[in-house]
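Note that subunit A is present in both complexes that follow, paired respectively with subunit B and with subunit C.
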Partner chain A sequence: MNPFRVALAVARKDLRSEWRTREVVPALAQFIILALLIGNFGFQVDSRNAASIAPGILWLALVFAGLVAFGRTFAAEREQASLEAMLMTPASPVAIFAGKAVAASLLLIACEAVMLPALSLFFGTPFSADVVAAVLIATVGMAALGCLFAAMVARVRARELLLPLLTLPLWIPFIIAGGQAVQSAMGLPGSYSEAISLLIDFDILFLVLTSLAARFVLDE
Partner chain B sequence: MSMLVADGLTHRFGSERALDNVDLVLDTGEHMAVLGDNGAGKTTLLRILATALRPTSGRLTIAGLDAFGERRRLRHYLGYVAHAPGLYPALSARENLEFFCDLQDVDRSRVDEALATVGLTSVSHRRAGELSRGMQQRLAIGRAILHDPRLLILDEPDASLGADAADLLAGLMHDRTAVLATHDHALANRLCPRTLVLRHGRSLGTATHLRVVR
Partner chain C sequence: MNRYERAAIGAVALMLIAGAAIFFYAPTDYLQGPVQRIFYLHVSSAIAAFGCFAVVLVGGVIYLRNESPAADRFARSGALVGVVFTTVTLVMGMLWAKTVWGAFWVWDARLTSTLVLWIIYAGYLLVRRLADPGRQAARFAAVVGIFGFVDVPVVHFSVTWWTTQHPGPVIINDALPPQMLATFLFTMACTVVLAAVMIAIRYRIETLVDEREQLFDPAKVLVAREPEPVQ
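And then the complex of A and B:
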């Protein structure tokens, strides 16, 4: 059985469901805009400090939006009892996990497509390809980890509480390296290429680890 | 030849023993009903037989293979209808089955046949979430037979099927080995020559002609 075909089918199914129900993306986009607005009014942002404040607000909004997006991926499957039906097929649990992670990442990227121009609008920071690249590269590793923990806690009653407790500590490397990359892309001191290399290293590390762990998490 | 051999299946949820040392042998083509009150352990037993749940102890062999060692391979042989339909409400009936064709690695042309078998051809374009409970149950049954399994594990599939439940199930079970959990003693008698009765997780034995004594 081709695992790519399975992953593609799972991702397509999740995206089609989201397109029809519009359950996650509009709410997350709204949350992101509100977070940026609060950040804009909460800090006295002007042209001198915007580049140092904006990356922090960006990562805060992204982290909380990510928790919601990744948390829903497996919670919805558990609620409608469809995860067991998927796992009762001969399809590889790793391929199923990959498909769900890809779909959740694309949903978060859709939110980022709203967030990055809005960040530029509210904070007057440059909207550059470097900023977009840093956020996209970080999203890959964050999605892998977020989906793994979402799958782990999906069967637990207090999953909304447990998911951030498990996920946030492991997202810290992405926030540090991503923050540095975005800051240097916005003109602050620091090496952009070093931060991006670090993000890519984290992506590779966590993609390998989550692929190995996914089998045990999903395969009861 | 035995299709299914269960030896001392026991399952605990925490300190509670949901299934206690159940033995079972089912020959190829044989149909067996599982009866018992709510909480008797029917669903736990069926989930273990479907390899969806690993027992705390005991051994299960299906088609000569260790059920939990060869779980993924066995899923080509197994069709399981769970207590909950487990469908995607935003997808149409057809899309639900097409998705599971991809996961089962079977051709999507099987979808039309499965829809016809469970009588849902006319509503195949409707979203699963808009179907009645009985239609959803039919769709879940259609999903279980997409890959033409040799062994069917059916957990109260008749719960909301309506008047033709027995005929539909008889058609599905024909030429297949099947385990059927139900509360309907008449249905069990009609479809299954053998019956296993569970109480508080323990087997009270099997009978070939069911007589219920309260």
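And then the complex of A and C:
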């Protein structure tokens, strides 16, 4: 079986089931709006300090929304015990994993499409291509890592506890580089291009590692 | 006295000698005064922690290749001992920082990446506790250990890659007077021996635990579950 077609089929299946149920994206979009609201009242944001606070709120909201999104990817499969069924087909586990990761990242990108305009609407920060690019580039690597650990903890008892515990430390490189990129895109000091190239390095590193490890996580 | 007890006593004795060297042989730093003596154990335990995490990495890779329970036990032991030595590094570093920088913590790349290292391997230990014991826990932990090791070179090179408040390498840059260098090298050797002994003892404990639970031998589990023959 062609692994690309398998991955595509799995991704299409996940996106179709999300389209029919409309569970994850509306819930996460609302979660993100609430996070912006909490950020506003937690920090006392005004037009002078918005540029220095908004990037932090952006990454906090994105990281926790990402945890929920990736956790859900495998939770639905677990409830139906359908992951085992998929693994019994001759399709390679890596292709199945890739398909689920692509679908989960597209869902997270849909939430980012809500978050970034809302951020600039509420905080008056610039909504530029630079900000969007930084967030999207970080999403690639974060999605790979997040899905790997989500697949791993799906069959563990305390999965809600473990997923953030395992994923967040490994996301920190993305938050450091992505934070710097968004800060400089919003007019704070710091080199944008340097941060972006660091993000791309992390993307490549973790995509390679994830594709090597996926077999051991799914294959039982 | 068995060989583990002898090894433990030997390692502790070596650490005491190292302590004597730190306080009585090494000269007092001209600028920082006696607090600089933290340096010897602070850097040594960081190196020992890196060694322990290398054990976790190698153990994890071997486990994923051939499911060797011994490799997994080494990885488990290495992670626990590595977290202990990372804790020592962080705590001693904070005490030192309070005196010379005026704050326990600054968010520079070296300190942040070391804290992340601690969190990653503490997470590794939690995976071991929370996942169903046996193959599943071992596999997941091996993956975490391999991914977590990515942070070790980041910690090591953080002082060269970024501008940090934490000083850069002093050993390879020949910045130490000979007596300090000798004390440091001796302390480092003793700390690495201590770490190795701790891993060996922990390995023994893990072996006993595995034997008790017989997790890695499905055949024995089956035999144990067989009903008693009716007389």
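What we mean here is this: the second predicted complex is superposed on the first by the 220 of 220 C-alpha atoms of A that agree within 3 Å, B and C clash if a C-alpha of one lies under 4 Å from a C-alpha of the other, contacts with A are read in each partner's own complex, and residues count from 1 in each chain.
By definition in this document, contacts are C-beta pairs under 8 Å (C-beta built on N, C-alpha and C of every residue); 3 or more make two chains touch, one makes a residue touch a chain.
For clarity, every value in this text was computed on a predicted model and none was experimentally measured.
Asks: Looking at the overlay, what does A:Arg5 touch: subunit B (first), subunit C (second), both, or neither?
Replies: A:Arg5 sits against subunit B, while subunit C stays out of touch.
Asks: Looking at A:Ser82, would you say it contacts subunit B, subunit C, both, or neither? Reply first, second, both or neither.
Replies: first
Asks: Taking the superposition as given, does A:Phe216 touch the first partner, subunit B, the second, subunit C, both, or neither?
Replies: Once the two structures are laid over each other on A, A:Phe216 reaches subunit C alone.
Asks: Contact-wise, after the overlay, does A:Leu205 reach subunit B, subunit C, both or neither (first, second, both, neither)?
Replies: After superposition on chain A, A:Leu205 lies in contact with subunit C alone.
Asks: According to the stated criteria, A:Leu162 is in contact with first (subunit B), second (subunit C), both, or neither; which is it?
Replies: A:Leu162: touches subunit C, not subunit B.
Asks: Pick one for A:Phe127: touches subunit B only (first), subunit C only (second), both, or neither.
Replies: Touch partners of A:Phe127: none, neither subunit B nor subunit C.
Asks: Subunit A residues touched by both subunit B and subunit C?
Replies: Overlap of subunit B and subunit C footprints on subunit A: residues 220.
Asks: Flag every residue of subunit B that touches subunit A in the complex, lowest number first.
Replies: Those residues of subunit B that touch subunit A are 50-54, 71-73, 75-76, 78, 80, 82, 84-91, 95, 99-100, 102-105, 127, 140, 143.
Asks: Taking the touch rule as given, give the residues of subunit A at its contact with subunit B in the complex, in rising order.
Replies: So the residues of subunit A in touch with subunit B come to 1-2, 5-6, 9-10, 13, 16-17, 20-21, 80-92, 96, 219-220.
Asks: Along subunit A, where are the residues that touch subunit C in the complex?
Replies: 145, 148, 152-153, 155-158, 161-162, 165-166, 168-170, 172-173, 176, 205, 209, 213, 216-217, 220
Asks: Going by the contact rule at the top, pick out the subunit C residues touching subunit A in the complex.
Replies: 64, 112, 116, 119-120, 123, 126-127, 130-132, 136, 139-140, 142-144, 146-148, 150-151, 154
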